[in-house]
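Dropping the structures in below, format is structure tokens.
Paired with chain B in one complex and with chain C in the other, chain A is shared by the two complexes that follow.
Entry: the complex of A and B
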């Protein structure tokens, strides 16, 4: 903790300021529109952070993160058709189910090298997408499933629920990434054979990372179901690609850059709505520029910049 | 009992016999060399011993315990570690973090309790390998000579019984070889780590090892002390071609 503060003081202060702003936001004004935008942006931040733990840290790109979100969201939606599930039950349940799913999918697929893991996850998500449509009497098909209890009666408590969940989840993932566990994952990303040569059971680490990543994706899926009171096809399956874009723009392998990227890019998408039909063009343009000019991500670069600035300031060099 | 016993190890890649019923054994504390021209099957032999490739037949035993069929990470956790000819540093991480990864293996988790002991151990190895001054540097910016040293240091960090070094001098200038040769010697003499070495730089190699086997076309063609090996006509021929021994003279 102390090392973190010493090296990244300015970054920590900025982050704290951001959190304080988000905490005070409902008190300072009553912009319900922005409150909703922030809530959604926060859920996307957790998606990106959970994706980063596996894909950013081990380099195994998951192209089907939506499958894990779907496990959480649809288990809540389907059960709620007979017995309305309250968040206190549904979130842990979604977490457990998606962890189990992550382990079941991870054990066979994470042995694959190169692009084959990405292809396998893409395939799993596509199969689930098709099945959702085929079994529409259970899943609601394109219509989706209604009748899910809301997170809270009002916008403001719902917002605080999402905010608290996002802070805790992202915080947990961030410190996990900085721990010895995260270091081992990074060694796998760099060279899996070299990690095995020094005694690391790489498959076990990858499956564990996938399970944790899945758990947070599933829990967030359930929370988004509660937030909207609804679980739908279009709400879940386009996420696979979106999450990758959000994380890559923010920056991989550090949890916070990916989460911040997701938050600001989701917010930006809302701002661009004013431009009407040009919004997609501007959005895509920004993405292309970022990927070309800042391949390590916006927030990774910003973090480096702040660190360097401080070092110069302190030592006077 | 020999520390490492390799018996009748055999591997065929299609029509190519990469390892042809090779047997040898290494005693504890030895510095043992494996010699042979390019493509003789030396690296394959390392891959077979350390579990990266499965042999068709034959066995490998470490302290009498059979290793055949085990995964590389389990074999290294038993104390038999290899390095790679083409260095494999963990990129994006510091030297310290590179050395920390091996301490997170099950073997070292049992031996080192907590972060303090882990840090102390890493410093001990960094000291031994002359890497202490650059512990906090990112490996991406280090010159090749340091990466070669780091490759050895990573293997030493798992407190191995025996280290297999795959061409630790390859790609280095003569002045860069001395420091790493010193590190290997220190690990052997101070820590009692047994060393098995593949190398092409004959001068440095011959000075470092006690005993050698020579390999050509996957077969063991000779075994002996460095003095015996350089005079062995089969070994000379494997490097210079048929009749090569006559060129050198008695």
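Entry: the complex of A and C
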């Protein structure tokens, strides 16, 4: 903790200021539109942070994160058709189901290298996407599932719920990333064979990282279901790609850059909404420019800059 | 039924093989998983459609669009891809090419709208194969696909540029030592890959529709086939393409055509778990 403060004083202060701003925001004004935008942006930050724990740290590019979100969101949606689940029950349930799913998928696929793993995860997500459409009696198909209890009766309590969840999750993932566990994951990215040679059970670490990543994705999926009172096809499956974009623009391998990237990019998308058809074009344009010019991500770079001349800190790739 | 399965399966497989061949070639030679590959297929179809719409004769339109898409392939490799390759982090290559493909989709949607188009047929004489009547455009697509695959294999195995491509794929460092301009070879290979995908995009567009989202299912199939066959193995890709084409026709005939993609991906997924390196391991071109 102290080391974190010494090296990154300004960054920590800025982050605290941001958190205080978000906490006070509903008190300062009653802009319901911005409140909704912030809530959505916060959920996306957790998606990005959970993606980063596996893909940013171990270098296993998960091209099907939406599959994990879908497990959480759709299990909530399907159960809610017969018995409405309250968030206190559904969020842990979604987390557990996603973790189990993550372990089941992770054990066979995480042995695969590079593009093979990317394809395997992409295949799982595409299969789930097609099955969701085909079994529309159960999943609601393109229409989606309605009748999910809302997080809270009003916007402000919902917002605080999402905010609290986001702070806790991102905080947990961040400190997990800085722990020995995170360092071990990074050693797998640098050289998996070498990591195994020094006695690290790389499979166990990778599967654990995937399970944790899946758990947070699933819980956030359930929360977004409660937030909208609805679980739908377009809400879940485009996430696979979007999450990658959000995290890469923010920066990989440090949880916070990815989460900040997701928050600000989601906010930016809302601002761009008035450009109508052009906004997707601008969005992909930003992605390509960032990959070519600032491949370490906007917020990794900013963090390094604020670290006063230290070139490679804990978050740098 | 068996005849219909064989005929349709063979036609679809030949198109898959054509698309997968280009994808495999870029990986085998330059070591790049190019997720823009599906977009070449789409760009060629739209270019040909645009040329036909401004009253250029069909054949000339097809040729012009193939030249255009090969040029695009060369430029993609020359500037962004080789630049990112030098930086050396694979994830950025995957993300850049995928982002570029989405950007192309959004651009086309802006210019052409979300509606679907088709090209007029190149050849409209249906042919009787056993008890199966095969429509002309499909016969044409099959013949062109087979001719292109044979042509590229001959080019790689018989010409001096082809031999340079093989050498680069085996060991690009050694190839550079004996005086081969490997950057140039990468660019030529990328142009050939784009050309193959472009040919596929043009020959299918008289009977399948042209739309701004046509690239993604094609890309996923090509990716799956190439991985199934073993990344970088051309023979493996062709075998995998045919297995997949027949599997799809079989599922469509015996079950439902909406499940073909699921079955396809499920088979590849299960196969990867059993044998992570694909049918033909890790050979180069």
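Operating definition for what follows: the second predicted complex is superposed on the first by the 308 of 317 C-alpha atoms of A that agree within 3 Å, B and C clash if a C-alpha of one lies under 4 Å from a C-alpha of the other, contacts with A are read in each partner's own complex, and residues count from 1 in each chain.
To be clear about the criterion, a residue touches a chain if its C-beta (ideal position, glycine included) is under 8 Å from a C-beta of that chain, and two chains touch if they have at least 3 such contacts.
From a predicted model like this one, the values you see are computed outputs, not experimental measurements.
J.: State whether A:61 touches chain B only (first), chain C only (second), both chains, or neither.
T.: A:61 contacts chain C only, not chain B.
J.: Examine A:134 and indicate which partner it touches, taking first as chain B and second as chain C; both and neither are also allowed.
T.: Second partner only, chain C.
J.: Which of the two partners, first being chain B and second being chain C, lies in contact with A:143: first, second, both, or neither?
T.: Touch partners of A:143: none, neither chain B nor chain C.
J.: Which chain, chain B or chain C, ends up touching more residues of chain A in the combined arrangement?
T.: In the superposed model, C touches more residues of chain A.
J.: So, does A:197 touch the first partner chain B, the second partner chain C, both, or neither?
T.: A:197 sits against chain B, while chain C stays out of touch.
J.: Of the two partner chains, chain B (first) and chain C (second), which one does A:292 touch, if any: first, second, both, or neither?
T.: A:292 sits against chain C, while chain B stays out of touch.
J.: For chain A, which residues lie in the overlap of the chain B contacts and the chain C contacts?
T.: The overlap between the chain B and chain C interfaces on chain A is empty, containing no residue.
J.: Tell me, which parts of chain A touch chain C in their complex?
T.: Chain A reaches chain C through residues 55, 59, 61, 63, 108-109, 111-116, 118-120, 122-124, 126-127, 130-131, 133-134, 241, 244-245, 248, 252, 277-278, 280-281, 284-285, 287-288, 291-292, 295, 317.
J.: Which stretch or stretches of chain A touch chain B in the complex?
T.: Result: residues 180, 183-184, 186-187, 189-191, 193-202, 253 of chain A touch chain B.
J.: Inside the complex, what are the residues of chain C that reach chain A?
T.: Within the complex, chain C touches chain A at residues 33, 80, 83-84, 87, 89-92, 94-96, 98-100, 102-103, 106-107, 109-110, 220, 223-224, 227, 231, 258-259, 261-262, 265-266, 268-269, 272-273, 276.
J.: Of all residues in chain B, which touch chain A in the complex?
T.: 50, 52, 71-73, 76-77, 81-84, 88-93, 97-98, 100-102, 104-108, 154-155, 157-158
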